[in-house]
Structure formats: C-alpha cells, structure tokens
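Think of it as A, B and C in the order they're written, each chain with its own count starting at 1.
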Amino acid sequence: MRFFSPGDRKPRVGFFKFSCCTGCGFQLAYFQKSLEDTLKSFDFTFFRLASSSGTPEGPFDLALVEGAVTEPYQIIELKKIRANSAVLYAVGSCAITGGIPAIKAGVPEMEVQNKAYRTKLYGLTSLRPSVLGDYVEIDGSVRGCPPGERDLQEAMVSVLFHRKPEFAGYSVCVECKIKGNICVLVAEGLPCMGPVTNAGCGALCPSYHRACYSCFGLMGQANTAALKGKFRKLGLTEDEIERRFSLFDALETKK
Amino acid sequence: MTGENVFQKNYEVLICKELFAGWVEGLRDDFKLIGPVGDGVNAEFREIASLKEANLDYQSTMLPPGKAYLFKPLEEIVLFNAGPGGVAAEEPPIPVQKQVLIGVHACDTHAVFYLDKVFLGAFTDPFYKARRENTFIISLNCKTVTDLCFCHLIGTGPYLKAQSGYDMLLTDMGGEFLVELKSERSKNLFNVKGRPPEAGDWQKKDEMETRLLKSFKKDFKADGLRQVFLSRPGHPVLKETAEERCLSCANCVMVCPTCFCHDVYDETDLSLTRIKRMRRWDACQDYFFAQVHGGNFRSERQARLRQFVFHKLDYEGQFGLKGTVGCGRCIRWCPTGIDLTEIAEEMMK
Amino acid sequence: MNPYLPFKAGITGIRRETGDVRTFRLELKNGLPSGAPGQFNMVGYPGVGEVPISFSLLPSKDSPLFEHTVRAVGRVTDFLAGFGEGDEIFLRGPFGRGWPVNEVKGKHLVLISGGLGLAPVRPVIQMADQLNAKRITLLHGARDPESILFETELKEWRKKGIDVKLTVDEPGEGWRFHAGIITEIIRPLKIEAAETLAFICGPEIMMRFSARELFLKNVPRSNVHVSIERRMRCGTGLCGHCQHGIWFVCKDGPVFSYQELSGYPDALL
C-alpha cells in the first residue's frame, strides 16, 4: 500500500501528553482549516482532549506525543507508546527542546522540590526535565508552541503518504522576509530571536511588531554566540540575554 | 509612414511634478500602482492610490521592488488534482494583472536585468515572464546615497545609464521631473506635454550626478577579485566572520535584489485531493541548501558565507553580469552587519 | 510552457537489482520520450517531491521504453520503492548535458563506475556500436559481488567487444575477479594518454581518485569527464540549488570535464 486512499482503513492515531500545557493538543483539536479533513482521514483511537473513550494500548499508525519528560512513569509510558506505534512524532517545544518545563533545568532538583512542592504539593516528585529523543527514537519533530499549521499538516500528510516528513529547518527571518515585515531587530533594535529560531510560526510575533522569543526553539544551525554578541551591542545585560536564550532552550543553554 | 516629423514625439520632457502625479493617477484604470512608501532606508514598495502616498525621496527599501513584484516570495507553480480517475497536473493561471513600479532606483533596475538573465534564459519561467511583460517600470535617479551604497563601483548607479529594459527614467530637477522615455510602450502611454530640455537642463543633470558621486562613502576595488578568490578560497576572514558573526539566518539573501534561488515543495491537503507545488525564496546560507543523500557540499557555515560573497562579487561568467548591484541591502539587513566588501578587501590584502 | 509541469509515465516493469536498488522500466503516457546518455529526468510524485535520476537506459528507435535505476535512500526514493508494475509516476525532462559521446570516435573510451554509478554509464554501453570507438574498457567497482548492477548483461557487453573489469571491496567465496578499490584496476590499464577519453560516475571520492590515476597516466583534464550530483529542485537552472562555481549542474552538467570543474570550492572532487 503506497498511501491511504478513500475506502482504506483510516490510519489510527494516538495523542499523548506528558509535562506541558496541552496547547499542542488544543492546536490539533482545533486544527483550524483542516479539522474536517483530519477527522475524515484519521481515526483518533486515543485522544483524551477529544474523547474520554479509546485505549492507549494501540497499535497506532501514528503517535503524537507532547510534553517534556519530568516524571519517572513517563519514561515507561513513552517506551510503551513507541513499541506500539509505527510512526512517532514529538509535538511541540516541550517534547523537542524541553520548552517551558525545562526552565528549571539550571537549578538543582532538590532546590526546585523544596521551593515548589515542599508544603502544599507534598508527595510530588520530579526529575530533571528531558526530551522524548533522550529515551526513544522519534521519526520527526513537529516544532512549535504550539506547532504551526504547515508543519502539523505535513506531519499528518506524511503518514497518509507513508513517507518521511519534511519540516522547516530554516530561520524565522526567512518567514519575515517572505511576508515583507520590516526587520524589527535591524530597523528598531528589538532583541528579536528570529535569526536563531526555527521557522514554522509564519513569523507571528514580528508580524505584530514584537520581537521573536524563540518559542519554536533554536534551529539546528543556530549561531547563538553571534546573536548574543548582537544583543550585547543593543545594550542587553548578560542576565537579560540569558533569559531570552533559556526560555525555550534551557536544556541546550544550561547544560 | 510619411516620415513627417509631425508624428514624432519628444522622448525627453520636463514637466512639473503635479502634472506627472496626475498622469500616474490616470494609469490606475489599467495598472496597479506600486510605489515607495515610508522614509529613509526603511521604505517599502506597496500598492498606492496616488503619488501623494509615495515618497520618491526614499533612500532604500528592505525588499527590492523588482524581485518582490516579479518573482514572488511564495507562489504556486503546479496544481495537482487527485480523484478516482488518478492524479492530473494542471498549470496555475498565469498572472495577468498589469502593474507599474514607480521610482525604481538604478541599482534595482539593474537587478531586474539580472533576474531577466535567470528567468528568461535557457528556460523561461512563465510566471516571471508574464509579470515582467505586465510591469511598467518607471526608474528614478537617486538624489542621495546611503553609507552602504556602492553602485558607483559596480557601474549600476546612482544614475541609470541603461537605454532599454525598462520604460521611463525620472530625474528630480527641483520643481520638475525630467522624464526620459525608454520603451515603445512608454512613448504610446505618456501623453503629457512638457517643455523639451535645453542644454542647461542637461548640464544641471550632469552636475547633480557629479555632486552625488562625490558623496559615496564606500570604496573598495572590485577588480582582480577573481584571482584572489581562486587562490585563497579558505581565507581565515571567512572562517572568523562565519563563526563570530554569521547567523545563517539568510537575511542577506532574502533582501538581495539579484538572489533568485528558491525551494520547491508540495503542500497537500488532508483529503489528498489537492496538491499545490509551491516555490519559496530559498537561501544558500541555509544548512540544507546543498545537502544530498550522503553529504552536504556546504555543511560548514564559512562555506555558505563564501558562496554568497563569491556569487555576488565574482562568478560573473555565470550570466555575464556581476551578481551585485551595489545596493548595500545585505550589509544593512544583516543583524550583525557582515559586509561582503570588507571580506573581499580583507582577502585582497 | 511551464517547465515545472510534470508528465505521467507508466511503469511497465520493475527489476530488483540489489537490496535497495530497483530499475523501473517506463513508458510515457503521452508523447514520445527522448534523451541522451548522461541526461536525467526529475522523477517523483505529487505530494512527495522530485529527485534527479539519470537515464539507465534510453528510449531508442526500436523501443519507446526507458529505464531509471533508483536506490531507496530518501523521502522521494523510498516512496518510489513502493510502486509496482502498472502504477504511474510523474517526471520532467530530459535535462542537462550528458556524456560527450560525439568525441568518442577513434578514441579509447574508458568507462569507470562505482556502485550505482554504473546506471548513468549504461546508456553509453547501450550505444557502443554507434560510437566508433577504437576500444572500450569498462572498469566497475562495487561493495560486494551481490551488489554488482546489471550482472546478467555483463556477458552481453563482453560479446560487444567491451573489455569489462570488475572489482569488489568484500569478495565472497568463489569471486574470480579483482578484490580491492577501483584505482587498483585502473593502474595496470595500458592506455595512450592523448587518445583516451574517460567517463567516470560514482561517489565523488571514487571519481576523484579514479581521475587522479588517469592524470598520473598523463590523460589531459579535458578528456576526463565526470557526472556529478547536487541537490536539485527544478532541473532547469532556475532554483539555484545545484550551483557549483559559475555552473548550474542541472543545465550545464551533470557531466563536466575535470577542466571545467577545477578552481571552484565546495566540491568533494
């Protein structure tokens, strides 16, 4: 079978969530323009946000997993999901770069526990945050916070075609130029993370005159040192620079 | 065909600016008017209703007018329809909208000549061709230059010397425009009576040009680069600049008026019935640009930077034209201000 | 005419060459196919993409069928591997400048190929009778005996008078030919340098060392031709990905003489 066509069994999709805000799940559930086609083409056999029925046991043609790994049970679940899925895509920054849950990566775990969980949330334990790729092989990364429509669509279509996906790997600057946005970094001196950030959002923030804060995470070819140098020239303090770079990439920058 | 000169029009006239603006507004019935809006180097070419919205004293724009309006950043090049009968390919409609680009500087006009070589060369790009034919270009001699301009070293400005390939040339003479008609269609279209320029007017134009030429800040020797590039492709300045400053963000390429590279990819809707084959501006600065299975010909950042510098300042044999027009955009819009002319100078030391 | 518009080709046969290499025999659905040795088509499928693949067999006056030999290594080629006889694929072409077969007359033609590199060379062998070469030698290297392409045709090629020499990196039991790298079977070759024309196709590193062997035998750089690979999106010199120095590999190549390629950075050559 080369690709799923009408009349075929629909590909079975499981959507799983670890430590995150569930925003990626929402993005899929409200998959703007393509919601109808998505439901027509796929069988969501496990997607808590959409339905309380369904089984997490699989087997799945596609598993979409959002969230960072911060608790031991998640590693076991993740390995089980992997074993039951033909294709597994990590969805969203938390699952791919650590995202927001990874901000604590720079602080000793005991300190975090004492501060956050000591009194009211007693009994909760947490690991140093990590990403899906640390434990299982992933077939692709649908970047974003939440992912953009193009990459999300590419992820779903690649499964229908039984082919490898091709996600954007270039910078947000490319998307800005395609839209014709006057560069906020060069023209206005805003500390924009666009030059080191993976595209996919359609240059959302710069289109509204805001500096990119890298919610899609650093692109693979990012030259962070060069941009930090530029930010210093703009007058940002080391702390301010650090915060911009560790907001979504703490695992990378606080190694 | 009497040969009588009663039919002959003056191909150069001086007219007052208001009259010219009126004529431009009259074009609106048939053309989309596109002109520079905004100030200084941050202006942009946009659709306008009249010349009142435009600022013909602008210095530069981020996106070059020729590239932005002739070679779209993102467009459909093939459509596929899939159904029970199989998949059928179909050509997207060829653009027919007529447009007039008003106030295109000399460097940007030369950049269009370069794009012509690319898209109307061995293979013709039907979308570019249609837009080119439907675009009336009114060029404009510069009144000021920026610190980053170096068209005077390339021979592409600040005054436009080319006699064809565009439609009209304007020179701001104070209260009047000197209008020079450069194409047959402009001779048919331009029906405003004005005063024929006299020797004194031409002299004034020459003097303004001379004055302007003296105001350039940039100076570097563009000749003899070939040998340097050949003998020192691994010059340390490339590695240092790449590692310390190059972000691989591709801004330089995106804003370059002669950069023509584009990626081609398919956008498929989830019902798998409609597939759009798209093209999008792409850049040699991107890591994946020269990747093939089993290798990447420019995996190193310095190799990608070198590709840009060499392609702009050398490799003239490719189209018989220099890859740069000296507009300075790649320097201005580089977040860390990487300057290809400084790299070239350093290599020639 | 929109140079991006692909046309349909029907698969009339598939031959499994080695593990992940398949040869597709194709027939255009509309119109007559054309092509020269060393030229390529952009082969693909809507929704998946296109990749440049050289002809491994050309249409001729006897048959409108042609072949592409494809290794499944990426998004598009993996997808192509899923096709069967009777299916349709999409292609555009022929593109590029192929092997300079007009220069072969009266010369000693040395064909050197590595692995899948034999595929683009095969159309030259296909028209060997018409080339009027003084002599034709084919030197082919592969990883192991099992991965030698077109093995059943070798006997036929020898019958045509082509001197076929083989080498493999990992010989198994019963291997009767040379074992080792390709340069080891180039070195003992007796040639008259000025009368020799070489066509080389294979991994870049293999082409580089093969060419070097020939230069050591004083074969001029302008007589050594290689078929090089670059990323391509259009095949028509528009998209820019394949640029190497001043060249567009898609329209100025993919076959170049060593002379033409020298002096530009970013080659593995």
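The definition used in the following text is that a contact is a pair of C-beta atoms (placed from the backbone, for glycine too) under 8 Å apart; a residue touches a chain by one contact, two chains touch by 3 or more.
If you're wondering where the values come from, they're calculated on a predicted model, not measured in any experiment.
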item	value
Chain centroid nearest the full-protein CA centroid	B
Pair with more cross-chain C-beta pairs in contact, given A-B and A-C	A-B
Approximate Å spacing (C-alpha centroids) for the pair subunit A, subunit C	42
Whole-Å separation of chain centres (CA-atom averages), subunit A against subunit B	37
Where subunit B touches two or more other chains at once, by residue number	265, 268, 272
Where subunit C touches two or more other chains, by residue	47-49, 74
Subunit A residues counted as touching two or more neighbouring chains	157, 161, 166
Partner subunit A, residues of subunit B touching it in the complex	42, 44, 62-63, 68, 73-74, 243-251, 254-255, 265, 267-272, 280-281, 283, 286-288, 301, 332-336
Residues of subunit B defined as touching subunit C within the complex	77-78, 80, 82, 86-87, 89, 91, 118-119, 121-126, 230, 233-234, 260-266, 268, 272, 275, 277, 279, 282, 284, 289-295, 297-298, 303, 306-307, 310-311, 315, 317-318
Subunit C contact footprint on subunit A (complex, rising order)	1-2, 157, 161-164, 166
Complex contact set, residues of subunit C against subunit A	47-49, 74-75, 78-79, 82-83, 87
Of subunit C, residues touching subunit B in the complex	1-7, 46-50, 73-74, 77, 88, 90, 203-204, 229-231, 233-234, 236-241, 243-247, 251, 263, 265-268
